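One chain, chain A, links the two complexes that follow: it is found with chain B in the first and with chain C in the second.
For the complex of A and B:
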């Protein structure tokens, strides 16, 4: 296991009091695997990534255990984190223009990572920068290395971001909406590049996105988040063919699909609750079409609903709130299938 | 007779560039012709910088066209005097992309919706009140929420308020410029469904501008694909998505990630980025990225021609008989 999050919670200080943004997140990423985290704005998908990178605001309260390569990094000091950030794990952000420094050439920005984390000499670093630029598919690498971010197009900037992230061959790469700001034809290029790099380098990738199309194309496994919690986890085919949680179902039904023309799209009524007014019980309760009495008061536990497929929903637990009801859930499932 | 007809419309912006102030032109819209029927939705798709938003704004004459003609209900409205144009604006309205920036934060929803009525001198206070209350009922916002401010609503609600505002004067045509791009998927579908319902109820025509090919497919009757200021292909929605003719449309369609992991497609990956519209390539503007370009494409600027019934494309390599062979399976 490359990365393991165990019961991770995060609280941020807002207006003098702590508000829980993430609540009991547990997930795993294996070597060479791409795990997608999907959900709508405000569900906590980016905060999950930032918690792993420990790029959190002041006074953030992080609980639980995050393990990278079987080592607990939650207790790491600031300095120790800096050593692995950009080295063992790297991150790509949504907007390449604001993530790059406008005052330095892109070559220098790639080199900076190498200065920090390797003992290559100047000559070797220069060569590695050119090598990286070639790897991410940029032509005229030596010219581009001496250009500034504003001289490049959006797609090229995102390639530079990838080059920066790849500089030290990280074992974990976190991508936060890497193609959202790009046009579709450029997005296709970048996704293609990322798939290629993954195969070559055997990285584990966390892909954060709201685009279920992107998930279907690049991910092996998917984690669906809603209001700061994980509601469903499965491998990508299983999730799309056999979604279990009403929220996942609702999401899948509300996207128009290319090649399929429907008169009406499905939709989820209402909106995401705000973190300081989280409802008790299931957080999706108010918007859920299959809500029951038990959902209102008691948080549903994660239940196994298939092979390596879990969902947090009372539909798959013994009704009436028996907490240790894995045997009961099977019984209920059987009746659901009939 | 078509509700809206646009003939050879051009919108060239002059921009200053260089130290000596030499002037350059951006051909944002460069010779575009199409029509929209009453009750019909025309989708306009293209990547950023292709001129789709400029096209919408030019039709509404929020910016004056450089040349070309716009006919609305059979009447040429390109050179109307101000007063007549104002009268005409009742019939054509716009919905913007960003529901956070397009509503005045200091006005209540009631005031936002009433303003167009006041500007156009429609009815007295009581009648206006009735119109406003009728409208919010249609878009699913409660009466007691009318005196709230935009920030008290979610993105989806705000976009619905934006749509209601466009509807206050009973328009015939609504130009929707990326109306759902800023919204989350579950909310996006609410707004799309609302737009479809309103269209049926009020017999509206939409010009639906978007970069999202799946959304455009969902809502449109016909679709036009734009590249660097020109329409490169236009056809009925089913025809266009099933049988795209222009190499750009094909690439665009295969580039869209499909939310179905069981389907693997042959993807046409275009090289490079969109060229700058300040200095577009000669001949066919797409030839620099086109997988089937030949030397002729550099020289010859292809015209939009009808390649099959109601299916127009501008590519010298697409012929009538080819259309069957070039079918690709996008689903």
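For the complex of A and C:
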């Protein structure tokens, strides 16, 4: 297992008190696997990624265990984290224009990762930069290396970001909405590139997105998040064919399908509850079309609903309770605590 | 090439500005009541002598003729004769200006050396002890009048502790170095005269810090706010994601991006220090342009007033031109047009 999050919670200080942003996140990423994290804005997708990278605001409280290559990195010091960031794990962000330093040439920005993590001399670093630029499919690499981000197109910039991230051959790559700011045609190119790089380098990838099209394109497994909690996990095919959680169903219904005439796309009514006013029971209760009495007061536990398919919903709890007794009592415990 | 064209264009643009300044200063100083001829002739001169002097100084010509004559001479490097020191104004300026320039450079040097790092620390430790400390220091620097601060420094470091000299540019008994730039520290360095260099630097410390107190405060606050804005940027997060340490991100990525407003303020401060050095020069008996200008005004010494005004205007414009050119060096996104 490359990355393992075990019951990770994150609280941020807002207006003087701690508010829980992530609640009991557990997920795994294997080598050479792409795991998608999907959900609406504000559901905690990005915060999950930033928790792994530990790029959190100063007054953040991180609980639980994060293991990278079987090593608990939650206990790592600031210095130790700096050593693995950009080295063993790297991250790509949404908007490549604002994510690149406007005053440094792109060559220098790629080189910086090498300066920080390798012993290469200047000549070797220069060669590696050119190599990386070629790897991410940029033509006339030596010219581009001396250009500034504003001189490049959006797609080229994102390729530069990928080159920055790939500089030290990371084993884990976290992509936070890497294609959201790009044109559709460029999106496909970037996704192809990432798929290719993953296969070549045997990386594990976390792909954060709210675009289910991207998920279908590149992911092996999908984690669906809602209001700071994971509500469903499954293989990508299974999830698209056989979604279990009402929220996942709602998400899938909101994608237009070719050849299917529908008067209106499905939408999920209501709003995500705010982190400081989380309901006692299921967080999706208020918006759920199949809500029951039990959902209101008790948090549904995560239970198995198929092969490598789990969901946190009371609809499947009878069945799930047989297969996984402990998670049922966890739910009960949660009730008692509340 | 673009940079060169831009620079030349900007220098040409200076000409109309300078003509405007010279017209304004000339006419304003001419409307001030008082008769330079009478002052030059002294209190006991009789009317005839004064009349002759008025004629000789061209004071009976129409004002615009006087202006054109003045400008004609100015272009030939003749700034007229001082009615007070009775020597060419050019000579006076050569004597006093380097002292002021040296003091200004020194105080700007201290400002940059202390103000910018203090602002960076302030921003990175926002609302913590270091930030509060910097805030108080900046407030003290801005709020204390320079002459008062100067006197306190004199009382403490010169009278009480006796560790620093309180007046002049060199220890008494030391001959000034051979004049190259007129700035003692630089001339001493160029001629390799270490004793004089040391003495000149020591004499700069108190007036330099007094002059810098206000600007350090302003630069600290400006750096802090500029940095706080930059530190919220996505590329700062990227720099951390690469594994950069806090120091590296602050000084390698954030500071340069936050440099624009700091540079603007530095340019303005430089001009301000040049023109406003009167108080500090008086407190520390610094034989500079500020003191010279005050004397010139008191004695209605128009050629001297004109010369000082035009000189400071030219410098102010030049410094801001340099800052404008530096913008493009710092930020490649800016175009020269």
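Here is the rule we go by: the second predicted complex is superposed on the first by the 316 of 338 C-alpha atoms of A that agree within 3 Å, B and C clash if a C-alpha of one lies under 4 Å from a C-alpha of the other, contacts with A are read in each partner's own complex, and residues count from 1 in each chain.
Here is the rule we use: a contact is a pair of C-beta atoms (placed from the backbone, for glycine too) under 8 Å apart; a residue touches a chain by one contact, two chains touch by 3 or more.
For clarity, every value in this text was computed on a predicted model and none was experimentally measured.
Student: Quick check for you: in the superposed arrangement, does A:240 touch first (chain B), second (chain C), both or neither?
Tutor: In the superposition, A:240 contacts chain B only.
Student: Looking at the overlay, what does A:86 touch: chain B (first), chain C (second), both, or neither?
Tutor: A:86: touches chain C, not chain B.
Student: After superposition on the shared chain, which partner residues are touched by A:112: those of chain B (first), chain C (second), both, or neither?
Tutor: A:112 contacts chain C only, not chain B.
Student: Which partner does A:191 reach: the first (chain B), the second (chain C), both, or neither?
Tutor: In the superposition, A:191 touches chain B alone.
Student: If you stack the two complexes on chain A, which partner ends up touching A:150: first (chain B), second (chain C), both, or neither?
Tutor: The second partner, chain C, only.
Student: Touch check for A:183: first (chain B), second (chain C), both, or neither?
Tutor: Touch status of A:183: first partner only.
Student: I'd like to know which partner A:19 touches here: chain B for first, chain C for second, both or neither.
Tutor: A:19: touches no partner chain.
Student: Touch check for A:101: first (chain B), second (chain C), both, or neither?
Tutor: Only chain C is touched by A:101; chain B is not.
Student: Tell me which touches more residues of chain A here: chain C or chain B.
Tutor: Comparing touch counts on chain A for chain B and chain C gives B.
Student: Under the contact definition given at the top, report the residues of chain A touching chain B in one complex and chain C in the other.
Tutor: none
Student: How about chain B: which of its residues touch chain A in the complex?
Tutor: 47-48, 154, 156, 184-190, 192-193, 196, 211, 213-215, 217-218, 237-238, 241, 251-262, 267, 269-270, 273-274, 330-331
Student: Within the complex, which stretch of chain C touches chain A?
Tutor: 233-235, 237-245, 248, 253, 256-257, 330-333
Student: Name, in rising order, each residue of chain A that touches chain C in their complex.
Tutor: 53, 55, 79, 82-87, 90-91, 93, 95, 98-104, 112-113, 116-117, 148, 150, 161, 164
Student: Quick one: which bits of chain A touch chain B in the complex? Just the residue numbers, please.
Tutor: 40-41, 153-156, 183-189, 191-192, 210-217, 236-237, 240-241, 250-269, 271
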